[in-house]
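Some notes on the structure that comes next.
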Amino acid sequence: MQNFLQTFFNTKVMAQYLPDILSGMLVAIWIGLAVVVAGIAGGLALACLRTYRIRACNVFIICFADIFRALPPLVLILLLYFGLPGAGIRLSGPMVLFIVLALTLAAFAEEIFWAGFASIEKGQWEAGISTGLGFSRTLIYVALPQAVRLAMPPLVNRVLAITKMTALGSVIGVSEILSAATTAQSFSGSATPLSMAAIAYLILFLPLVFVARMVERRQDMRRGR
Amino acid sequence: MNNRPMLEIVSLQKRFGENLILRDINLKVARGELVFIIGPSGSGKSTMLRCCNRLEEPSEGDIILDGRNIMSGTSRDLDQMRLKVGMVFQGFHLYPHMSVLKNVTLAQRKALGRSADEANARAMDMLDRVGLAEKANAMPSELSGGQQQRVAIARSLALDPLVMLFDEPTSALDPELVGSVLAVMKDLKSKGMTMLVVSHEMEFARETADRVVFMDGGVIVEEGAPEEIFGAPKADRTRAFLSRVRR
Amino acid sequence: MQSITDQFFNLTIMAKTLPLMLSGLWMTAQLCAAVILLGLVGGLLVALANISPRAWLRIPSIVFTDIFRALPPLVLLIFIYSGLPFAGVEISPFAAVALAFLLNNSSYYAEVYRAGILSVGKGQWEAARSTGLTKAQTLSSVVLPQAIRNVLPDLLSNTVEVVKLTSLASVVSLSELLYNANMARSITYNASPLVLAALIYLVILWPVVRLVSRFQRKLAA
């Protein structure tokens, strides 16, 4: 037991590398927030655009959403980080991470919002249009609020899954939590930094897990389960 | 032939938290008897029925089935006992992912351990009895409510129960479908099945029941032959209830 | 334009690295078979514990799902692969991936199963129990078949995620599709192998993603 603590929870190592882990957390938070804002805004815009049913537009949106839902983000990250320089474009690690995760979240968010729009009764649209709101205002004032409410539980879950992927940044040298931890691990020769990384992620994401649970429960109650 | 009751409810009480839903219910149902239970909603009649196979756990009291107390014994005994008490629900509760035939054979095979052939033969007999033999391979969603309820009855009957419990079997049906279900119940009664029925079909009760029990506020207010209860009820509460139901 | 084609869609390089990619794909397939199976079974067990009336089963299983929903799978993988040797446990990359994803995927599959089981009405339980079926029989014959059908799209979309996750195994040098593609890239100084890997993932997963969308629309209708 003493040995175990010494290996995984060595207080001396903890104290030494805490600043690195903390700055890693900060990086993860910044990239995560940027991904969430850009991804949700992008997904919502695409879903709204899709309601106008412009053929060429919708084909593009559907292909975009399908491709980014089907591709593993790590493949895209490696492609952008190692491949793009060959075309003369050099992006920083954090930038690549942000672009890939934001596009991935946008693809999922589009599908989730679209499912929300699709499950709104036709009568809601008809009521809005027949009271002279016009299509766009019906979209904004009538359909959108209902779609967003329906989208909340799956959206929160998806946000959680994708912001967790900031850990993939360690593969391309983004100095977030995991890369700080693996670097510290090899310098210190101790597993303690890895435990610190795990704890740091739990501190960041357990609250989101609880939020996801709460949102789900509220939705279930509204449906009267 | 012994003349001990087929089903005996002794000092049954049921509490939900602070609320006393059933207070000291005593009822004996004789072999082959049809006891019909009426009462306003919230009177505890469904709860009492559901206590008889321990879908609701009684807070106090005993349920004695053919001389055996079902409140004692292991959970295995409980499963065995439930085989002997058929139950028909207001909402049918057929298994939507199984054909009609599978619905009727499932418990025969898994709980009674009958062979596939035996279970199928028995199921076809029962489906024939409720007039739905030709629907054996249909899925529940293809049937009307009345047909679904008759399949549910066949599902219980196939297990050769000692008693059949009916929990508002026709309340969820369109009026034109009620008759077919009541006809099946009447046929059961004529073949000597012991039945406990919670329902609002007063006409059916008058024609078929041996005894009518009026419940209100978790107690049995009065009981007697149908003509007594419907013709000359003694208690004020019974009179008030019946005049409301008759409109 | 020519240079872009050369860099990303170089057919000569793609052809030359194809055998390497196919052997990577084979490893990915084995990995998928293992982690999907483990996840489906583990998830079911966790879900059953999750809805159990017994607190000593329920509470640990809920803590389990919460923790593994919060931990990034890559962190879990690195922790197991690089951390366990410190505790004197040597573990192969394949076993590390299998264990990490068993923990991670079980908690995700468990959430899906749980939603499915809760979507089956109480009446089904009561009807089955009243015909003398035991709890286990009711669960396996009556409730689970309906539960799984109700959440089939979610099970499928979760499985897509599991397949995508196997690409993380490249980080611990397991020579699966992405690892081999990236190795080919570094040998040839050309991104075409990575593009080829992306195309292979697309060919496999796009139809499934379409299917999930169609399923979900059907359920909503």
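When the chains are written out, they are named A, B and C in that same order, and each has its own residue count from 1.
We adopt the following convention: contacts are C-beta pairs under 8 Å (C-beta built on N, C-alpha and C of every residue); 3 or more make two chains touch, one makes a residue touch a chain.
Not measured: the values here are computed from a predicted model.
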Chain-level touch network, classified as line, ring, star, complete or other: line
Chain whose Cα centroid lies at the greatest distance from that of subunit B: A
Leader among chain pairs (count of C-beta contacts): A-C
Inter-centroid spacing, subunit B versus subunit A (mean Cα positions, whole Å): 54
Interchain centroid distance [CA atoms averaged], subunit B/subunit C, Å: 47
Chain centre separation in whole Å, for subunit C relative to subunit A (CA means): 18
Subunit C - residues contacting subunit B, complex: 121, 123-124, 126-134, 137, 141-142, 145-146, 149
Residues of subunit A that touch subunit C when the two form their complex: 4, 7-8, 66-67, 69-76, 78-79, 82-84, 86-87, 111, 115, 118-119, 160-161, 164-168, 170-171, 177-178, 181-182, 185, 190-191, 194-195, 197-198, 201-202, 204-206, 208-210, 212-213, 220, 225
List of subunit C residues in touch with subunit A within their complex: 3-4, 7-8, 66-67, 69-76, 78-79, 82-83, 86-87, 118-119, 160-161, 164-168, 170-171, 178, 181-182, 185-186, 189-191, 194-195, 197-198, 201-202, 205-206, 208-210, 213, 216-217, 220
Residue numbers on subunit B that touch subunit C, as the complex places them: 53, 55, 75-76, 79-87, 89, 91, 93-97, 106-107, 110-112, 152, 155-156, 159
